[in-house]
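Chain nomenclature is as follows: A, B, C, D and E, assigned in order of appearance, with residue numbering initiated at 1 for each chain independently.
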């Protein structure tokens, strides 16, 4: 029960923080829609063209905007010492990583998930594809959150080169993108592709607490 | 063979072989260039642009080979705790990146007359581009991480993960039906290439290898020295 | 309860201190003194298992601290030399976050009392980044009360405070001591706090 | 002469901060290319598709990179007090805004500008469009830098009513991007569109020192 | 040279202080004292024209400060209560940036001497974020030397320092006074610095 309470307390804090940074969430979403407009304008108004490209566009923008928020992942809490306070309050570095990953998923990815239906209207994505898009995105975005956790904890030690972390995430997410977009375009293979994606998710999810926790520990030691 | 894993042994051997390797590479280069420009025939389809091959193919092979060796050294360093692996990887990554860049540039130069475009998004070209980015990430990580002990482990793991890309580069032409030339020279059975083209190709390949080794020796030695000063 | 035995610490191959011995029993207030750079902060961090000692060991309740870490953490509050309150939120919001985060069962009226004695009650709705430096520091002390743990580890708690506030902190320390709590803190300042032991680094 | 020296000293500092070396500029460029990869993977490799989207991709990435770097614009210097030190060293808030805007343009946008020719090879953008892309990009990216300056200085004040600052600016940038993309797609109108863009640039450039300077002053006063 | 006349300051409709009078002549060292929140930092910022007074005025060389601002700035160095060195860069890099940024003509050997007396010379290649708190503070003082201005405005320069360093700062103050410089600083600590005037807020 205490553990559950602690987890709830953790998320209460995250919630307060993220809401005071509510504009960041909004900025992400607005970025998402503005870019969709850019694409529509550069493609021209023909419906078929748009709907062919729609899914690819949604996926890339999702990836890019989650890299946008990487800096918030640990950096702020690290700099004002709150990461340490969390640790001293009984959260091992690994569990901090897991909780933070879920929090990123919750406060950064879920808003996107919610805005997908609207985006799909703009992009003329067929209704029957929407479900596949949702499924692949739910899995894929969680993988991205895990990768984001790993790379931004690595960046706490690196500190100089902020973009490097984003690049690493992006390189690793190439296969995810390929599979996810594949899911939607080749519906026959849906099951096998989704299970590959799920496999990747499990691997990344298992690695995440170790890798991120290790980096968090090291960077707090050296601060 | 101890010099391949032991820094001080490496230094000894390197002092011996550096000059011969350098001289050999210059000679091989001279002969190779001579062959590729004057002593080999034009291709009946491709005309004289085929001569780009003598740069393109060796650099492509070496780009892959370098990464393969780096993967090997990562395993040695991580699993068998041989720090020389880290030294080697730090020193050699830029060399691999340069080979990859040469491969890409020469390939594009070749692609323009052959395919009518500098670049297409077929599987091989894409995977080579990714290989290049992986090399760059390795270099950037080496430059920007502060804590060396962590850095080299992280980089080694990254190299291991990135090695997934190698078979994709190598076999993409067989797995997917792409624009790029399938294996004609490196086929396990009989190569389907004319011997008159084979000779300069082999010579150039050796020239590239020798140059690679020479630069690698220099870089590994400086890396060893910089670590020594760090420790003392 | 905490015993530090022959602790030596190196960072980047540079010795920071050697063979420090220390024991923190209940009801004890221990003051770390030393020049700038003598390793006070480092020692406090080592006690929190954040820095690997190059030799020596730290024990908690007779066992190696490292083996018993989260039990130790559940009894410790640490205040670093930088403040941790969130500067973009108000005092009130910060307190609320702390209360929830530390699952604190301190009543609101208790907190109000303390805010009043610390003279922070008038700033409840002010953003932390518009507080004065000393006020931010005082706000940080609220965590000691909210967390309500037995061991306090404080890095330079007295700097930037006026004499009156230092006296208040001194009283709080006495209170805590009388409840069998223990405190280890570092300081450069002379103060009237009655310490059980001074350790010079 | 002293003024010139001061400006040079300002940029020396910016250079040192933004780039702990040449590798950081390179990282920016690599980031740009990796994002192009991502787009292509999610869209699929067919030439025509890519060349339709090419210009949209370049512009989205531009927008993304300016949003990504907004936090660096003033936030860091504000928090560690260096904005104040600059001011006390004789730079009025308005001039700080101008210099910072140029610095953002120089260190964030120019690297993109340089890599456009290579990108256009990858994205299959026709050579004759390249010139238009360049022209619109040079103007547009500078406008984005100015807008970025305004929005991030607004964000320093972090008062509730300015919560929407960055979003308003993003919405502002929509017409700019539409114009810029339009320039390239409708070549006949090149001259008139580029002069509209230039007009916007002048307006934004003139507003920037006032707006940003005002926000900077207010937020330093209240800190 | 600086004359503060009947200065009152309000923030968010709350009076912080009223009718403060002060004059800073050359060769003067002025110490601001007062409780936490009494407005020391606010006064210093008002002198730097960063805060609008609600009544009263500040004069510089006989003219209203506001009208003569950049002339004033060209003679002032301000050290705030937080350090401004860039934590991700090394001590050396920070010094270089300052030297270029302030167009300083201080020679390298002079800087080395000062680093040596401040005992910072061994940390030249260390990142600022790995320095101890006091060391970061001492590093900040280097700006006083590098900027080489006549008027120093310092907010709590003595906190977090050991006695030895405080003595060093005291000497530096004396040096500056003897060169007709003037200093206005705030502090909570007693020290042996020989001030010309104490102002209680």
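Here is the rule we use: a contact is a pair of C-beta atoms (placed from the backbone, for glycine too) under 8 Å apart; a residue touches a chain by one contact, two chains touch by 3 or more.
This is a predicted model, so every value here is computed, not measured.
Seen from the Cα centre of chain E, the chain whose own Cα centre is farthest off is B. The interface holding more C-beta pairs in contact, when A-B is weighed against D-E, is D-E.
When each chain is reduced to the average of its Cα atoms, B sits farthest from chain C.
Separating the CA-averaged centres of chain C and chain D is a span of 45 Å. One inter-chain figure worth recording: chain C and chain E are separated by 29 Å, centre to centre, where each centre is the mean of the chain's CA atoms. Chain centres here are Cα means. That of chain B falls 57 Å from that of chain E.
Computed centre separation for the pair chain D/chain E is 36 angstrom, with centres defined by C-alpha atoms.
Under the contact definition stated at the top, the residues of chain E that touch 2 or more other chains are 130. The multi-chain contact residues of chain D, meaning those touching 2 or more other chains, are 20, 23, 27, 30, 34, 37. Multi-chain contact residues of chain B (touching two or more other chains): 130, 133, 137, 140, 143-144, 146.
Listed in rising order, the residues of chain A touching chain B in the complex are 154, 157-161, 164, 167-168, 171-172, 174, 215, 218, 222. Taken in their complex, chain E has these residues touching chain D: 45, 48, 50-52, 70, 73-74, 76-78, 80, 82-87, 89, 93, 96-97, 100-103.
Of all residues in chain A, those touching chain C in their complex are 2, 5-6, 9-10, 12-13, 16-17, 20, 80-82, 84-85, 87-90, 92, 220-221.
By the touch criterion given at the top, residues 20, 23-24, 27-28, 30-31, 34-35, 37-39, 41-44, 49, 52-53, 55-56, 59-61, 63-64, 67-68, 71, 155, 163-167, 170-171, 173-174, 177-178, 181-182, 185 of chain D touch chain A in their complex.
Within the complex formed with chain B, the residues of chain D that make contact are 20-21, 23, 26-27, 30, 33-34, 37, 40, 45, 47, 50, 121-122, 124.
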